[in-house]
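Both complexes shown next keep subunit A, but they swap its partner, so subunit B is in the first and subunit C is in the second.
Then we have the complex of A and B:
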């Protein structure tokens, strides 16, 4: 077999620490013909807004975009589950010719009448940008009659990358926050908003519980297990705590500008980062040393509860090699730290949407020889996983078959998983999952590891 | 046709968009890779959808539209994409399927491709028009099969007949499972008849683990075989609706070969159930001039014996059947054959032929108990099913919500199976496939009866 080649135009998006002058190129459109692991603008918007459980999420376009995103995400709700439905205007040929506005309007009225949502989001898909439907005007009209916020999300697939989809979602979300804002300007004491947390497998609940124990009030979560009414007092929080910085930083910036709410970036993944997140929030309230005391106690208790098992697992995983390919680079930082905690070595790390600073930081965190990739394709991922002889791949559903075909363990760290990986409890789940897959005896049978084919 | 209240919006669709079917077809051709001419998201979403069913790598390239592309046309992007794919994958064929975006801005793909070097020994560039706003994934699938067949067998390409030692048959199976495709190949081997099966993703999308990375997995219909279709003795297309379409004058792969090269075409339904499989085998006998091997007669005998043994567990039971129209028709025919009433037959497709196809396949005495709906989504289906108190549902994973809400078991068949392993290994067709379906249905009903029983006998 001929060696896998890297496309000329992608060469400056692939680096090996120590070998190359480090000047990674990123934030680019994906190269035509390269099988990018990225999705589109619509995908970015959909992931951010999806967990708002009592809103209507209507995809305006032909059926595909709604079909492929129907109930695929593990974003749990403690109440309404309207977000799990897949609504589409299902545009047909005649709609493309005569325009889809009338159909959209009728669909909105009908769905609002049946499901009584607290707000509605209308996602524009590629085609809407081309046929020129005035979605904003339709939304305005429906909002006036139906009496709930009806918000256009300008997420036409081709108008940028997934990151632009995050921005479109932030714009819509800010509009909702600003519109439903109650007329009380006073801050709620010792309060925060949690941003960029989507309650995958119940992660929001884990984190909320920590804050409760610390004596911090969570005003609203954007958007894990959220209700539209939660956002009416978002502007009264003292601090915005932003996770998954790629998706909601622009909302945090806007809220800082409009409501004077400062924000910090955190990660709830791994022992180190979860502890740091909680300590950072506690230190934001310096007049209340009791909060810091409670936080320290919480961290001590939680860490003590999981450490014995982590040590046991570490004994098995020590020295094993891992590859990481995730959507946002911020997640990769936490994963590197968490894997180090388990005694594992990271040999490949990449992201779909990292920026220059992210990659510089990744480089600093990694050992020499680690491959760093921006917007990789399956061929590149396979090439380096093989070259580095990794034991484990951490990624999403599109990376899973690459890992499995080549006989590597796999851990799903995407939004489709059903297991919470956040917080201390999540770290325990993460370690268990990795342990289960890496130590499975099936790898002894796969052809790449077992060179003798007994049947030949 | 019974009409449910029609809604403007589709709620939990029972269909996917056209390019997905086309992408799957190109994965069933040796050395071919699909390229969607549109936004990056289309490729990624469809990859994810197919990967979750097949549990295999499914690469689909994208021409990756940007705002400028949408304004100035996608020609340059498409060319660049093709060049990059050739460089990285060295494919024998690139299947270029359009999307709603490239169709609406009016990209003239054939013209763009005609400007590219397609000389001897180069990659075949096959275009299929799949605007997502027309039809469903099933239309995309059939259109891609038609496009490849037409491309590889241009008018006048037929070389003179050489004497052939054995018969050669073109078979267009429609969207079947990997195991179904393998079963078809086994049948033709047993008949000692050369089979050109298009598409055949059974090896590519279910291969062994690798020692090294394969840019394009092994397997698929060899392109040279597709070129030889014009030399075959007959063509066969599976699917009652597909047959209806070609009767209506819509071109299919089989009708194109018939028109261009006068190759006889037979179009039985998908062979699920004894009667449908009988028709399939007798059609095979006719075109191959080979008797049905003893092995299949024995399978048939065992199947009917099993029908008898299990008759009272299924008789008068009521089922919801959903999925692609051809699949629904074949499945309903099988259920009726064992005494199950397919009280609700529903599909997201809108060919206008479902009612007619079902009328032909279902016995007169149960027809008035069968509610047929085309263009139906899962929410409407659930509402309609509630009134019919069905005993179980049969179809793909997407009906799980319905079955959960109605508290009835779901027998998983068809595509996609996203919530179980082995979806691609389900055998639906032939006597052996029917046997497996029958056992699964009976055991599902027995298991359900056992589970809800207050006594819980470990004996039937």
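Then we have the complex of A and C:
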């Protein structure tokens, strides 16, 4: 194999702590021709709104966009499962020529007749933006007749990155919140909205339970295991607690502006971050010291319950090296802390969508020699994983087979996983999963020594 | 459960696909491109298309799947994607160094009207394509046909772009294997070689998407049809195209351009379709069928006869691609099963007619729909239950909801292994299909048998 070269224009997106001095360049469009691991605007919108379980999610476009997003995420529901169906207008050649508005209208009526959903989201795909369907007008018309909110999601794939998709989803969600809002303006005492939590593997349920024990009322979750009617009182919450770096921050900002709800950013991943999240929420209600007491008790109990097993696992994992490549950088922060807890060393960390502040913080958090990457391609990932001789790779579906080909353990920290990694319980699951893969005897069977050859 | 949403009453649906039994052209084009040695597929469209197609193929094959994208922006959607593609070509050859870039379009680039001939020519003129390297393209608008159409278009494009004729026969035969698994492609090659034929198989994803664990990551694995073989297809004695939808266009293109005579056969799934394939090889090359192949055929027939009573009048529901379903239905009918609900997402009236002809003599009503979806199939099943379901992984929801024995067949298979290593085509593939079918049918009998009827020997 030839030495792996890095595109000249990407040099500022690859950084080695201790060796390099420049600021990491980020937030750039991927270079044309790169084998990027990134997705599109539609993808961003789809993942944010998908867990609204009793809404209709209709993909307006050719069949592909609906096929590729049919039930691939592990967002669980405690009730309706309409969100897991795949609905598409399946646009064909003639629709492209004459426009897809009529078909869209018909599709909406057909679906609403059968399923009686509480609201409908219409996702615009690339083609819709080009042929110029007035999706908003169709939605308005159907809404007037059907009597449920019908919301266009302006998620044409080419309009930016996944982040812009989050924004399109936030716009649609805010529109739903604002429209279905009940007329009572008073705040619900001791209440919060949870934002950016998608109930992957049941994580929302774990977090809800913590808040219940703390005496905090969760008004609505955006969007894990949510129902349309939950959002009618979202505007009455005292605080928005935002998880996940990119996805719902803009909704929180909008709600702050419109309803005066302040927000804090948290992470529920790892012991430190989960505790901090809960303490931060508790300290938002300073005139209720009992909440802080209950929180402290909860953290003590939960930590005590998982520590013995974590220590056992740590003994096996100590000194092992990990590489992280995730979507949002915020997730990377939590992962670094959690891996340190397990005695592991992070040798590579990268994200698809990190911003300048994110990378500055990453630089601070990492040990010298750690490679930091923005919008990496598979060759770069493989190169540094080998150079750093990692034992573990944490990433998503496209990274998994690369890690396995190289002969190292893998943990899926993306949205397809079925195991909850949030909260204290999630930390235990995470540790088990890491242990399961890193300590597996199969790595003794693979020709790891070949690493040396690859680098030549 | 996902499919508890399926109601039994079948209402007319005009504007809507629910739970699709197909996907779009570009993923088929990407899959075909991966079957060329040292070739990087390139998606000329938004970033998401490429990410989705790579993810879909990665989940199905559990292998790294490489492809680049033009990363369309709002600007390129207005002013055209020329600048993106030329920059992409430059970057790809500089960084990843493939021999070939296979560009496929998307709904976006098709609709804005990018002229790929003109753009790739410009790239060549500007010196972005190093000497000896190639860029070619296929038009694969997502709003026409399905993933099978995309595969067919890319396969035709590679035949037309690379093939040359020196006027001297190369003594070889072109075989276009159709939209089948890497394991099937190896099996088809193996049988051709057993017949004493030197095939040029294209595309050929074996050893690309079913590679071994080596501890190394290679962007371009060792498999794939070599460039010189593709060039040489114009000098071949003939072409055998397997699967009319996926392969016929490419075969006819070679016939039209270089007068390489072609035969189009069904995919060799099951006994008779494989017989026809072997016969086509035999006639084309003027060879006789070796004993080794006759033995394999006999073994398949042996399983059929040994176990025929378990197939008797078992009702089957099927979802898949037309090229697969036609020989599969033929095979199932032949072994006394009754395929009664058959759905493909790919449109085409010819498919419905063929299935109707194959099932005309069955003593029951047969539902068939081209351009249908899984939802429709599930509704049919609810109205007229079956003993066996064969479909891609998404079939598992129906199987669980209605407690139906289920064999995974088609694309994508997201929850089991085997399809990339063990073929379902040719005689041995037929044996594997029967093994899978019998396993689920007999397991069901065992599960449901009252104690006094629980049999040791079956």
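A few remarks follow.
Note that in this section the second predicted complex is superposed on the first by the 447 of 456 C-alpha atoms of A that agree within 3 Å, B and C clash if a C-alpha of one lies under 4 Å from a C-alpha of the other, contacts with A are read in each partner's own complex, and residues count from 1 in each chain.
Just so it is clear, a residue touches a chain if its C-beta (ideal position, glycine included) is under 8 Å from a C-beta of that chain, and two chains touch if they have at least 3 such contacts.
Computed from a predicted structure; not experimentally measured.
Of the two partner chains placed around the shared chain by superposition, neither subunit B nor subunit C is touched by A:132. When the two complexes are overlaid on their common chain A, residue A:189 makes contact with neither subunit B nor subunit C.
Looking at the shared chain after the overlay, A:71 reaches both subunit B and subunit C. In the superposed model, A:61 lies in contact with both subunit B and subunit C. In the superposition on chain A, A:82 makes contact with subunit C only, not with subunit B. Once the two complexes are laid over each other on the shared chain, residue contacts for A:262 go to neither subunit B nor subunit C. Subunit A residues in contact with subunit B (one complex) as well as with subunit C (other complex) are 1, 5, 7, 29-43, 61-71, 85-93, 95-96, 103, 106-107, 110-111, 125-127, 129-131, 157-161, 377-379, 382, 397-398, 400-402, 404-407, 446-448. Considering their complex, residues 1-2, 5-7, 29-43, 61-71, 81-82, 84-93, 95-96, 102-107, 110-111, 114-115, 125-127, 129-131, 157-161, 377-379, 382, 397-398, 400-402, 404-407, 446-451, 453-454 of subunit A touch subunit C.
Those residues of subunit C that touch subunit A in the shared complex are 1-2, 4-5, 7, 11, 13-20, 22-27, 40, 42, 45-56, 58-59, 61-74, 76-77, 84-85, 87-92, 94-97, 106-108, 111-112, 141-144, 146, 211, 213-219, 345, 394. Every residue of subunit B that touches subunit A in the complex is listed here, in rising order: 7-13, 15-17, 19-20, 35, 38-49, 51-52, 55-67, 69-70, 77-78, 80-85, 87-88, 99-101, 104-105, 131-134, 136, 208-215, 348, 379, 398, 401. Only residues 1, 4-5, 7, 9, 29-43, 58, 61-71, 85-93, 95-96, 103, 106-107, 110-111, 125-127, 129-131, 157-161, 377-379, 382-383, 386, 397-398, 400-402, 404-407, 446-448 of subunit A touch subunit B when the two sit together in their complex.
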